[in-house]
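A, B, C and D are the chain letters, set down in written order, and residue numbers restart from 1 in every chain.
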Amino acid sequence: MNTDNTIVMGVIGQDCHSVGNKVLHFAFKEKGFVVHNLGVQCSQEDLIKAAKEVNADAIVVSSLYGHAELDCRGFSTNCIKNGLNNVLLYIGGNLSIGKSEWEVIERKFLKMGFNRVFSASDDLEWAIDSIYNDISLRKFKHPVSVTENKDASQKRKVN
Amino acid sequence: MNTDNTIVMGVIGQDCHSVGNKVLHFAFKEKGFVVHNLGVQCSQEDLIKAAKEVNADAIVVSSLYGHAELDCRGFSTNCIKNGLNNVLLYIGGNLSIGKSEWEVIERKFLKMGFNRVFSASDDLEWAIDSIYNDISLRKFKHPVSVTENKDASQKRKVN
Amino acid sequence: MQVKNVKLTKDQFYKTRKQVLESWSTGKSLSLDESFRYLNSLPEHKYFSKVLDNAKRNNKLLLQPRGGVATLRGQKTLLEGFIKAGADLMPVTIDSYTRQNEYLKSEKGLSESLTTKKSVLNGFPAVNHGLKGCRELNNSITKPLQARHGSPDGRLLAEIIHASGWTSNEGGGISYNIPYSKNVSLEKSIYDWQYCDRLVGIYEEMGISLNREPFGPLTGTLVPPSISNAIAIIEGLLAAEQGVKNLSLGYGSVGHIVQDIAAMISLRTLATDIFKKYGYTINLSTVYHQWMGNFPREESAAYSVINLGSLTAVLSAANKMILKTPHEAEGIPTLEANMDGIRTSEHMVKMISSQIGSIKIDVTDELQIINEETNLIIDKVLDTGDGDLVQGTIKSFANGVLDIPFAPSIYNQGSVIPIRDHLGAVRILEFGNLPFNSHIKNLHREKINKRVKMENRKANHDMIVSDIFSISNGSFFKRKSHEVMKC
Amino acid sequence: MQVKNVKLTKDQFYKTRKQVLESWSTGKSLSLDESFRYLNSLPEHKYFSKVLDNAKRNNKLLLQPRGGVATLRGQKTLLEGFIKAGADLMPVTIDSYTRQNEYLKSEKGLSESLTTKKSVLNGFPAVNHGLKGCRELNNSITKPLQARHGSPDGRLLAEIIHASGWTSNEGGGISYNIPYSKNVSLEKSIYDWQYCDRLVGIYEEMGISLNREPFGPLTGTLVPPSISNAIAIIEGLLAAEQGVKNLSLGYGSVGHIVQDIAAMISLRTLATDIFKKYGYTINLSTVYHQWMGNFPREESAAYSVINLGSLTAVLSAANKMILKTPHEAEGIPTLEANMDGIRTSEHMVKMISSQIGSIKIDVTDELQIINEETNLIIDKVLDTGDGDLVQGTIKSFANGVLDIPFAPSIYNQGSVIPIRDHLGAVRILEFGNLPFNSHIKNLHREKINKRVKMENRKANHDMIVSDIFSISNGSFFKRKSHEVMKC
């Protein structure tokens, strides 16, 4: 796949888990996405600001450390408040504190406005393909101008 | 404790588990019981016959291999049929096939006429003390003549 | 009749066969020719011998759980679950009534299981299921099947399972008698197992390679490695004489890494040498049994015991490992518990296999002891039988040259008493009539004395009872200030 | 201000202390004298230092789980459960908001947890609980307490927990910054941890011995042993300069028995030598962390990983082991899962400790590599700082002489790329600016090449991703014909 799909990604809140973030970044890049990776410990504001800057198709949020729910409150509303009406929202990782029933977690985050919710054990290929398809469909319905720069995060210092 | 309490013990049915039988034998002996150990693979008849011969206070049955229920059917009735009205009946070991609820198992074997039912994890000291007390109480209520020979199974070939 | 270690003649075999097949209704319809055709039609991956060869070539440790339930449907579900969890070789554990040829009792248990939809038998009554049921099972499962039982007389069972395409049979005249029976004479059990081995030899002559596996762990309880290895090799020789060519020799862990590795190396090398010496061409493989003695009740602790086994099996380059489950102490495991046992074993095996090339453990001392002892026993047994291994075995059990600790058989002396030493290895406190020299005996005594000093406690019955429970307790010692490697 | 490796003056310390205590309401009432009296009144068994000494004398491996929940009552229940299951040392894992000094957020999380009766925080917000809550916890638990967190600035936390009788604090200016933060400068975190260490030094001067433990495993993901050991020793030296006397240095398993044992031996011996060389009198103990990287989701497989850790910890003569649970991959473990983790660990530890005297594993090659590499790193760091360890550390991270794989910090180069070799050990594919000589580099390259050949696969990003998941997958290799020890 070679696309001009642009995503902003990052690990939200005070979460420092950086290994998955690096793996995910690489996987999106391999699938041809333009990836703006903010790394770990991003606030909602960081993600929204970057998404506006690069005119992102989607924001891909990770949370591993258990505070996902606390950190994501109002995220979807904040996006709209900031004029991001069309951006798709994704989240994945260890989304609850402790071993919980997946359906409950998924429902919770869907209700919060995320377009899809992924567990840490979901197949990455499949997840990225789903996101790819969502974006394609959305673009087909709402054609918008597309940003130029490829993988801008390479210019940014991200570790 | 130094007693003249006499027991007949053995592992019932086709059960070959001999290690616990040897440990149990030793433990009863240490507590001063007169022990007639028939070893493994005893039929109900073997146990009843020996109990009559030595005028036993109790028959101590083991079953490890899962067929306890099948092997013990009618045991209490058979004892009475053979004139063993006063003998106490005990059973212990792995008394069901598979991990089961202990209460259910216990109830089942109590209903079959056993005076006490022990699980493999019960404390042996405590178990033997309980049996000791039962016999003392029974003797106090129904005084009977008492056999002479100490640990007759030493004369018997038991492995 | 005096049983000798001589290949049964066709005459003898077929005469006996008639009686065997008539002993229960399901035996009557068996025909060797028809069975040959069926076996011959099976693909390679249904053959123990082929799967073992493959694994040996690839240095892969094959995993085999245990398991048997009364009904056909139940057994299928069980085996399918085993495969799903990652098992390589299929067991069918036979119920205890069948093992004692009490087919009427197992028939009852089977029908009760069918009505109550709950297995009231502790295994699969293969004789009652007969050719029809056993083949149906075989056809529905993609991996090779083995009968695992404990029958002193498993002749009809052997006929039925092999004819049903089960390509391996566990057991032997010693290993399925002395630990499993009280009253059966060795004379009879060895003779009956010669039949089972001869049956495999006859199939071998027809070009069908079936696997045979003496039961290594015996009573599973503190059996000194040289005793179990000597018996495994003797049973191997007896099988070889009857024409068995594909042989797996097993060993039951004593829960001591160094002793277990040494025991496995010794088993493999001595068996190879001795088969060669006596002119038998054998395709040998080795089997490691995870701890066979008393298990911890706590499932989390059972996992540790299982994982210790997997680690050692890989380190000792076994070809197959027989698995336990976290339910071991409680009762026949559920399918789920069995799957957990398979998964945890497989995971450990993979991790250790991935790094095995870097692990060098020194086991030379232990290896030398086991080699010497095993040779002393086997030589003395042969000697006792004036060169005849069957008579030697029977007489050796009678006079205690062969002696299995804690065994229930009246044909076993029970004079040998094992005990752990100061470093946890299994030694011998009472030698009974074991044919050991004073050098060996002193070695055992010295090591036991070290423990006596270390624990400040007598080497008596009480200590032996502790040792029976050592693996289920975790600690092998009562008041040991754990001696940890100083660097 | 340029931070140097010099003991903070009392002036500096007390000036800073004022600000620290004022940063949140619960800090305001603290008094060192009152805290001294409280600490002084505690019995010996509440002291990490004493319990560790005891364990070292008896060669006992102490067990410490992890765990923290929002509420006091929840934390008590948790710790009581740990003790019941057999844990020796108590953790209080602090929530992620507190670690970042966001006490307002943790306050919210705490009150939400109190109303919903379910912890919505991933740890215990000790600062919010304050002296009152933390002492109440300490008084209700019979074993010593340690704070485990990940705070780049844990000064107020340190004040509160030590004043509350928690006799150990985990962390350090490097180990609680680079793996845990994106934007915090090393200058700041080292300075702030000098404060924490100085606080312990001051208690030490008053005769109260508190334990300090740098966080060994760093990112827990394929960190080459020489890198984590060098950092552990450097943090030890920094702590020692501030007056810390009781020090535990930790190491996170790479899941490779030989490399892990060698790493532990190297850590212990080099640290001892280097402390001596620089004139510090340190009571040293070592800590082994069961695998800290990605865990298998299947609980039965998680048990194998846990058990591998326990085995290696005993073999490497660690004094303390930090435990994982079968829930590791899923989320904060329940008490039950934590108890299972403790029990399975304890059981394996007991079994291996009972036989440790007989196990001799050759780790000399690996030991030599780790020793040499660690010395090269530490020497270069000192050199880089013109003899000052703080400046040397800061500059070394800036230029990549110190470099932690996969770390999130922008102060970390991230040029070092680890990879497993053909025998499963962790090697280095990209050295970045590590101060290794060509002899060492070639050694890594050769071994990595062997894997490339063995797997017939490139040493690239794809392989590294496989390696991140190697322990959770079990197999370290994709198409390896498992090379098993030939005997």
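Going forward, a contact is a pair of C-beta atoms (placed from the backbone, for glycine too) under 8 Å apart; a residue touches a chain by one contact, two chains touch by 3 or more.
If you're wondering where the values come from, they're calculated on a predicted model, not measured in any experiment.
J.: Just tell me the minimum hop count from chain A to chain D, counting one hop per pair of touching chains.
T.: Step count on the best path from chain A to chain D: 1.
J.: Once the contact rule is applied, which chains count as partners of both chain B and chain C?
T.: Touches both chain B and chain C: nothing.
J.: Please compute the C-alpha centroid of chain B, do the same for chain D, then give the distance between them in whole Å.
T.: Between these chains, centre-to-centre, one finds 56 Å.
J.: Just curious, how far off is chain B from chain A if you go by their C-alpha centres, in Å?
T.: Centre-to-centre distance between chain A and chain B: 69 Å.
J.: Indicate the whole-number Å distance between the mean C-alpha point of chain C and the mean C-alpha point of chain D.
T.: Each chain's C-alpha centroid was found; their separation is 45 Å.
J.: Looking at which chains touch which, would you call it a line, ring, star, complete or other?
T.: line
J.: Between which chains does touch occur?
T.: A-D, B-C, C-D
J.: For chain C, which residues count as touching chain B in their complex?
T.: It comes out as residues 96-97, 99-100, 102, 105, 108-109, 119-122, 150, 179-183, 219, 221, 293-294, 297, 327, 329-334, 337, 406-410, 412, 414, 461, 465, 468.
J.: Which residues of chain B touch chain C in the complex?
T.: 13-19, 21-23, 26, 39-41, 65-67, 69-70, 94, 96-100, 120-121, 157-159
J.: Tell me, which parts of chain C touch chain D in their complex?
T.: Its residues touching chain D are 58-61, 255-259, 265, 268-269, 296, 298-301, 303-305, 307-308, 310-311, 314-317, 339-341, 343-362, 366, 422-425, 470-471, 473-477, 480-487.
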